[in-house]
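Structure provided below as structure tokens; questions to follow.
Note that the chains are named A, B, C and D in the order they appear, and that numbering of residues resets to 1 at the start of each chain.
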Amino acid sequence: MMTLLQQLPPECIRIVIAAAVVIGFVFANATVMGYLERKLAGRFQRRLGPMEVGFHGLLQMPVDGLKLIGKQLTEPNNVGGIVFYLSPLIAMTPVALPFLVIPFSPHLQVIDLDVGLLFIIAMISFNTIAVFLGGWSSNNNYSMLGAMRSVAQNISYEIPILLSVLSIVLITNSFSLKTIVLEQSRFWFVLVQPVAFLIFFIAGIAETNRAPFDLPEAESELTAGFHTEYSGIAFSMFMIAEYTYIFINCALATVLFFGGWHGIPLPFGEYSSCIWFLMKTYLLMFVIVWCRWTFPRVRFDQLMNFSWKYLIPFSMVNLLLTAIVVKL
Amino acid sequence: MQAGKKNKPIHYRYFLNMGPQHPSTHGVLRVVIGMYGEYVLSIEPIIGYGHRMHEKMGESRPWQAFLPNTARMDYACALPHQHAYVRAIERMTGVAVPERAEYLRVITTELNRVVSHLLWLGAFLLDLGAFTPILYTFDDREHILDILENVTGSRLTHCYFRAGGVVQDVDDSFEPAVRACIKRMRSRFEMYDKLVTKNIIFIKRTKDIGIIDRDMAVRYGVTGPVLRGSGIAHDIRKAEPYSVYPELDFDVPTGQNGDCYDRYLVRVEEMRQSLRIIEQALERMPGGDVRTKTPKKLNLPPGDVTSTTEGARGDVTYYVAGDGTETPYRLKVRSPCFSNLSLLEELCEDMLLADLIATMGSLDLVIPEVDR
Amino acid sequence: MNQYFSDLLNGARSLIEGFGVTLKALLSPPVTVQYPRETIPVSAGYRGHIELIIDEESGSHRCISCGTCARTCPSRCIEVKGEKPEGGKRKELARFQLDFTRCSLCGTCVEVCPVTALRFSRVYGQAGYTREEFMIDVLKRAGVQK
Amino acid sequence: MALDTGRLVTDIRACSQNVAEPQPGACGYTIEVHLSPDQVQECARSMYDHGMYLVFITAVHVSPVPEVLYQFAHFDTPCRVLVRTSVQSDGKLPSIAPVYRGADWHEREIHDFYGIVFEGHPHLKPLIFAREDRKMRPLLKRDELVKERSALWPDETGLTAPESDDAGR
């Protein structure tokens, strides 16, 4: 068995190990995020959140995961056939790809693509296809409405993200995430580009269908939106995908605006940069959870107006100003 | 508002079945909505899922047996129903009610109104997508429900009023508890103002949505906070004063243009007014017994009577026809939600689905009261 | 045009205020009680199912099994049977069954009882799997309380 | 626009002579009117012109012919009008839904409970009952329990009696 390993090129082993770590991280992040969200939701509402399973409910999310795996996959009649089962997979699989380029710390990065940023933004838009196919194929008026809404929402919020990210690229004129983070060693880009950060963050919340823009799965209007008919593991795949997209959004925001792994050196030696990175990301996730438990839901046409009338004009103006300033 | 799509060819329309199990129908109501894309073309509320034929129960048993039923129709605000029924019986049989009992009735009814408006506030915001305020309103409700549980014996389905007074007097822990509760409640209002009234998303979701004008109110018999939201100061406690309300000073809040936002403001202001009423009633409440002795067998004389009180949702009217025996010959309950719901078909044409949910939430529907 | 900006500005301000409220809630202690372990004391006036009052002096219940409560109960959920022990002159209460599945806690039985032998117990949180668990034998309960 | 009760009473008298103004404290309504079935729509229209809203419509199963009662009230001035009619011999009654859209539901409910048919009603489908038990008519009393109209309202001259002008109770 060892001889077989020696024959394989080292690069291939490195990729296999990295893939395994990334998949493990995706599931770990989903459980941690889910636990954090339910605990914070409880505390925001002056209650305790999950307390029963494990110490202070720590085992609640893994146990939920097992329960969901054990649940029966109900299939309503004349449902869209293979597409009905394909959409959770489409939601789940591309979720791990952006992790290849996210620089957790100077050397903890799978590959440093020089088009890393473009690659991530391309991967993020996979979610829309999955949500649309899921909603459309479950043969239920509510999910069809949810699917339509999610397509319109993601398209109209993709543009502000691109424009705000472009203003960063103008400064660093490189798409590679590592160089962007290295550029921020002296000062973080959020000080230079606060408006771009705000636009990116708000559009990020809308992109991942999170409240106050959670129209595709509006509980009080569309019962459960696009994943009404999904149960068991299919439903949990959509949940894991959603939590991971939130993590990617926050990680991207940290890399672009909050200076990746830069921070006061901590006593953990060379892991301190990775810890800084995770701390910043989870702080941004706290803000996203905070938004969810404070605001009512926006109506559908207001959502569109907000993007086309406010975010896009502001991001264009911001882009223009950065261009002028940078070219001076 | 948005141009409707009514002139679209029919085959574009699809039907969305909202209910009978649906998160925002507040009870077992089914609404069949003809939709064109996101726009609502036609609405048909289908009621009757929670129908128990209360009126037949009233006709087949002695009138005392109907008292628990009055609390099972509008369980969110049961006491005005009971007050109306008991006043109808007192009108027919001429039973006198001691002053202290009337004050106790007013205090517990106003506490019940605050509890009902808090429940509505939480549920309305939940319909609009805000998950947290409902927990805050339930936290406030618990304080008042503990007081009501101690006085009337149960948290929602109170059976506290009798013909000629109330069941039992309050113990001396009642008054300090109510005063503390009023003080606490007043401090909570400006928290709700910050979280909800000034919130831009909430304003955008409720301003100029579901506007009810006076003519529609007359044609459908809309009463209560829904009517007052359209600027008509009609409150039975002021229009046709009963019990000890003439001696209490309070004003009737009204809105300007009758949209969901005004109905919200009216109900929050009404909670403040109820607290004022309770305070005054506590000071003016005399001593004395709380119930007049009524003969064992109290027959209802021939003839019929209607009696009206101001429920949390509007004009609660009981029509009782007696025929000389102890059993009412005919008992009709006019529930405000029945009329408030009937205008949904005309009000919600050409609306977005999200606005339909907001409007239905602002009508404060309790479906068991509609089905009876 | 200024409507455009004024919306944006006081909109943002109201959102920040909303954030402030929930942050204050986050930092203040929870108000809930972990129900199965901790419980809130039931208030004095709470109406559980009815039970017989035990007299201090005679040490037993005061019921004379006249059946008034059974007759006036709107949902007919009380069943009272009195038997005359041989030789004795007064009826003894032999059976007092309450069908708690149909009782609506209106309190008529407590009021009409000529010897005020009934009162509301403060039993809270009754749960059961079968209907039989709610057929309460009030007499046996009174015996237990003695 | 407060209600002018004087003009209201004269309008009602135009529909029918039998108008009484009993003591509201005792019976809860200020004006009581007896109408014959064909005057119902006319009276409803005059009520609507005065801006009165419909409180409820109900029916009472009395022996010769079931009795239908309407109650109207006004938003600004306290005034409650109780209108009594008897159903026509063939169990029909003209509907006031064209005037008061809200009456649509009230009349459908009475149709469910009593089987009284309202002519001119836009769509007299069952409101509360499902299709299969729309023939239930629960509020109709068993024959031995039904009472005479006069047993319930002894001193009132029902419409069956000739038009006598003495005031009601």
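As a working rule, a residue touches a chain if its C-beta (ideal position, glycine included) is under 8 Å from a C-beta of that chain, and two chains touch if they have at least 3 such contacts.
Treat the numbers as computed from the prediction; the structure is a model and nothing was measured.
Here the largest set of C-beta contact pairs joins the chains B-D. Of all chains, the one whose Cα centroid sits at the greatest distance from that of subunit D is A. If you average the Cα atoms of subunit A and of subunit C, the two centres end up 50 Å apart.
Taking each chain's centre as the mean of its C-alpha atoms, subunit B lies 26 Å from subunit D. Rounded to a whole number, the gap between the C-alpha centres of subunit A and subunit D is 64 angstrom. For subunit A, residues that reach two or more other chains under the stated contact definition are 44-47, 293-295.
Among the residues of subunit C, those touching two or more other chains are numbered 15, 18, 21-22, 25, 31.
Of all possible chain pairs, the ones that touch are A-B, A-C, B-C, B-D.
By the touch criterion stated above, subunit C contacts subunit B in their complex at residues 7, 10-12, 14-15, 17-18, 20-22, 25, 31, 43-47, 72, 74, 104-108, 111-112, 120. Within the complex formed with subunit A, the subunit B residues making contact are 2, 14-17, 22-24, 35, 38, 125-132, 135-136, 139, 195, 199, 201-202, 204-205, 352-355, 357. Interface residues of subunit C facing subunit A in the complex, by the touch rule stated above, are 4, 8, 15, 18-19, 21-23, 25-26, 28-32, 34.
In the complex of the two chains, the subunit A residues touching subunit C come out as 40, 42-48, 51, 290, 293-295, 309-310. Touching subunit D in their complex are the following residues of subunit B: 47-48, 51, 53, 55-56, 59, 88, 91, 214, 217-223, 227, 232, 234, 239-240, 302-308, 315, 317, 319, 321, 323-324, 329-330, 332, 334, 338-339, 342-343, 346, 371.
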